[in-house]
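For reference, the structures are reproduced in the following blocks.
Shared between the two complexes below is chain A, which has chain B as its partner in the first and chain C in the second.
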Partner chain A sequence: MTAALQRVWGAYVRITARWPAIASVVPFIPLVVMWWAVVEAGVFPRVFLPGPADVVRSFADLVYKGILPDYLHDSMVRLAVGAFWGIALGIPLGILIGMSQLAHRALWPLLLFFQAIGDIAWLPILVIWFGYGLATMTFVIVYTVIFPVVLNTVLGVRSIPINMHRAALSLGASRLRILWEVVLPGALPNIVTGLRNGLGYGWRALIAAEIIVGTSGIGFLMFDARRAGSVVEILLGMIILGILWYIVDSWILAPIERATGQRWGLVTR
Partner chain B sequence: MKSLTIRNLSKTYFDPYAGKHVIAVHDVSLEVPEGEFVSIVGPSGCGKTTILNMIAGFIPVTGGEILVGGRPVKGPGPDRGVVFQSFALFPWRTVLDNVAFGPKMRGIGRTEREKIAREYLGLAKLTEAAGRYPNELSGGMQQRVGVVRALANEPDVLLMDEPFASVDAQTRMTLQEELTRIWQEKRPTVIFITHDVGEAVFLANRVVVLSKGRKLQEIGVDLPRPRSWDALNESDAFKALTSRVLQLVRAA
Partner chain C sequence: MRLMHQLSSALLFVAPFGVLIALWAVLVPYFNVNPRLFPHLTAVIQAAVEGTCDGSLVGHIGASLLRVVVGTVLALIAAIPLGIAMGVSPVVSGFLTPPLRFLSVLAGIAWIPIATLWFGYGFGAITFIIFNAVFFIVTYNTLLGVSTIPLAVRNAAASLGAGRWSMLTEVLLPGALPNVVTGIRTGLGFAWRGLIAAEMIATNAGLGYMLFVARDFYRTEVIVLGMIVIGVLWLIIDRLVLAPLERATIERWGMVQPA
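Moving on to the complex of A and B:
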């Protein structure tokens, strides 16, 4: 019995080593089977809890009508724009605060104060200022992304051993070059962690914003489906959220982490 | 390579916890001619690393002056190469790029600086490791990289702060022998900080014994070169010198 299990496990390890995509799909199989079983057992009425097949049908339908591709596109563009500004502002700010005692004293309390005002708490006033548009959404995402990026960048900059700076200075590096040659790469593993957290929060904040102020996007799709009483579309929206984040994380963020901090031995695998 | 002059050097810290000034280095003078290898030896807390940090320009002096080739030291600079106990290699750069870092900062082009780096890597028998990252190397190999990274920048003075303290005993002996060989080949001016009396004598032309921030004594070492542990372990002159230095350090 154990021997047979070991053989199956061995085969699984070999197969997933060859096709890693399989390893990310297999854990979902029991979940979907359970979902299907609960639905088929008829514990809940179909309208309250549709089955996997219904969701797939709804997916095909929305793709066919062109709604889903449009909404997906809108959500992804908003995330990308927000992420861009969050990174473009967050990393320099984090480096400044990490390197300058003065900047740290001046900005740290402000940072903690504004971090406490959650992203969605800004929505009422943003709607009055900017209306229901990209500006509002972008603000919310940038706001959400920027704090983890700044805080982790500060941590990264401060955790670079002083001897790294000293070594670079003794090898003739100017202060400016140290920024590029020591501070940035030294803080990079933390910056990537910050990005990973920030984008994860940003993604959730975006959906919340779309539900509240949206006129398109995956969040809006779910909100609209609730109005129409279509549980199947709500479920579809939730599943898409999970899959999209999985793709962003495992295709973009995780490889960056592997190529930098892990390669350099700065973070444990 | 240039000479190093230290005149009446002192360093006082303010200890905010004790609420008083602490004297770390007091009135130390030292003359190191061009191409000489000087070891500074003493127990922990005797101020030897503080002296090195002042020569490197990492911390300001309280009193006295430091001259390299006649020019006063103002902050860190490429004229003084430093080898750290913690190696301080850049983990995000390959071995080759670590060694080429100094020449790169001097504005030397890629082909030329990689040629320089390869030459120095060859000197420390590291040619094979050129493309690897520091975390993929053993401690002994990392410190070999640390030594040639400093040398490849052709500093006037090489400052070494207990560089072999964190490698195992066998590797340490090999590194010490390699260092004497490289020193003979390149003849840099070296200040070598250690608490290991045998190491201090083995490497140096002169040993300075330090105690409680003061210079106790200078002892000349005229053992023949090239030096090897196999030969010196049998040498009465080496034994006499180490026991003399050891007595000074223990009495300190």
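Moving on to the complex of A and C:
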């Protein structure tokens, strides 16, 4: 028994060493099997906890009707638009606060406070201002993304050794060139980390916004299903959310973070 | 001298807020902003005084904080032992990392629809959401913390004759503690947001509920008051409780690399 298990495990380790992607899929198999077993055993009524097969069926159904692709597209567009503005506003603001003592004094306390208010608390007043629509969602996501980006950019700018500035200055670099060739590359690893955190929060904010004020999107799908009492579609929505973020985070953002860290990171030694 | 320095830096920190509040007090009446869009400063102060006097504001704050505390404590009791148990074996922790990351992504807000369906509207659903937000992130971080303890340290303790219990209390727990505390801080951040969102949907008390009801009546002064209270409360929790706790743990138990 143990020998057979060991052989299986050995094969698994060898395969995952060659194709690491498999290691991030296989561990879900026991999870799904457990879920299936609990449902089959009838511990909970089926209406409360549907099985994996039901969820797959509802997935196929929603894709066939075209609802799921549409909602997915809506959510992704909102996230992309929000992330774009968050970055476009956050990085310059972060560099300003990082480089100017005056701006730091004036804005830093306000930043901390407004970050603490949190995106979701803005929803009620945003609905009054902009109504139920893209403007509200974009505002919420920009608001969420911008703080981690600004805070990390400031951290990055301030962690550049002062001697780097001095060296560039004494070699005759203009202010613009210092910005472009010292400050920006020096702060880049932190900026990317901030972006990754910010998108993590922005993603959750999007879901909350779609649940509370939404008219489409994955969050809305889940809340609509809740109104109809359909647990299958709620579970489907949760699984899609998890998979999407898993893909975005570990296949896109984490590699970018690693690459910038290797290319521009200040190796202190 | 030191006191003077601290006082002046505190003043410098507060000064931008003074400017902001002054701008608010001057600009809103000057441009004659419709109070349905943005409230006057005096209206917000009045709402704060009213809420404190009739006890409704205090009641909402109490309801929100109670939920956070109950959910967090339950989650910690479950998460830390589980995280340590799974982190002890590198094989198990490597295998379980992807599902845990998957679940910690879902933590918080994404559970709202199903929580309200399973537990109904009320205390149960909201506690469940907070529990989830904290539980998965803390479990994941504990597991990470235990698996980053150098094997040499564990071997050293074992060869010095440490039993299971002293291994747990003197090697595994202290070694994982910095990660655990970081996990608690992140988890609570998500839990706080999840709480506000859940209260908007699923109860009849709490700060989120206060905001959402005020929106129905276009009472912007209550909304702005609620936002300020939420911000100040989180600043207090994060800056005065969690951040010092994190710093202290890392200084005391963190693996300090010799520079």
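In the analysis below, the second predicted complex is superposed on the first by the 246 of 269 C-alpha atoms of A that agree within 3 Å, B and C clash if a C-alpha of one lies under 4 Å from a C-alpha of the other, contacts with A are read in each partner's own complex, and residues count from 1 in each chain.
As a working rule, a residue touches a chain if its C-beta (ideal position, glycine included) is under 8 Å from a C-beta of that chain, and two chains touch if they have at least 3 such contacts.
None of these values were measured; they are calculated from a predicted model.
> Applying the touch criterion given at the start, work out whether A:Val39 contacts chain B, chain C, both or neither, answering first, second, both or neither.
In the superposition, A:Val39 touches no partner, neither chain B nor chain C.
> Is A:Leu112 contacted by the first partner chain B, the second partner chain C, both or neither?
In the superposed model, A:Leu112 contacts chain C only, not chain B.
> Quick check for you: in the superposed arrangement, does A:Ala23 touch first (chain B), second (chain C), both or neither?
The answer is second: A:Ala23 touches chain C but not chain B.
> For A:Asn163, decide between first (touching chain B), second (touching chain C), both and neither.
Touch partner of A:Asn163: chain B, not chain C.
> Which partner, once the models are overlaid, touches more of chain A's residues, chain C or chain B?
Tallying touched residues of chain A, the top partner is C.
> Of the partners chain B and chain C, which touch A:Tyr246 in the superposed model: first, second, both, neither?
second
> Quick one: classify A:Trp122 as touching chain B (first), chain C (second), both or neither.
second
> Can A:Ala225 be said to touch chain B (first), chain C (second), both, or neither?
second
> Using the touch definition from the top, list the residues of chain A that touch chain C in their complex.
My answer: residues 9, 23-25, 27-28, 31, 48, 105-110, 112-114, 116-125, 127-129, 204-205, 207-208, 211-212, 222-223, 225-226, 229, 231, 234-235, 237-238, 241-243, 245-246, 249-250.
> Once bound in the complex, which stretches of chain B touch chain A?
Touching chain A from chain B are residues 56-58, 75-78, 80-82, 84, 86, 88-92, 101-102, 105-106, 133-136, 149-150, 153, 155.
> Hey, which residues of chain A end up touching chain B in the complex?
Its residues touching chain B are 161, 163-164, 166-174, 177, 181-182, 185-186, 188, 260, 263-266.
> In the complex formed with chain A, which residues of chain C make contact?
Its residues touching chain A are 12-17, 19-20, 36-37, 91, 94-99, 101-103, 105-106, 108-114, 116-118, 190, 192-193, 196-197, 200-201, 207-208, 211-212, 214-215, 218, 220, 223-224, 226-228, 230-232, 234-235, 238-239.
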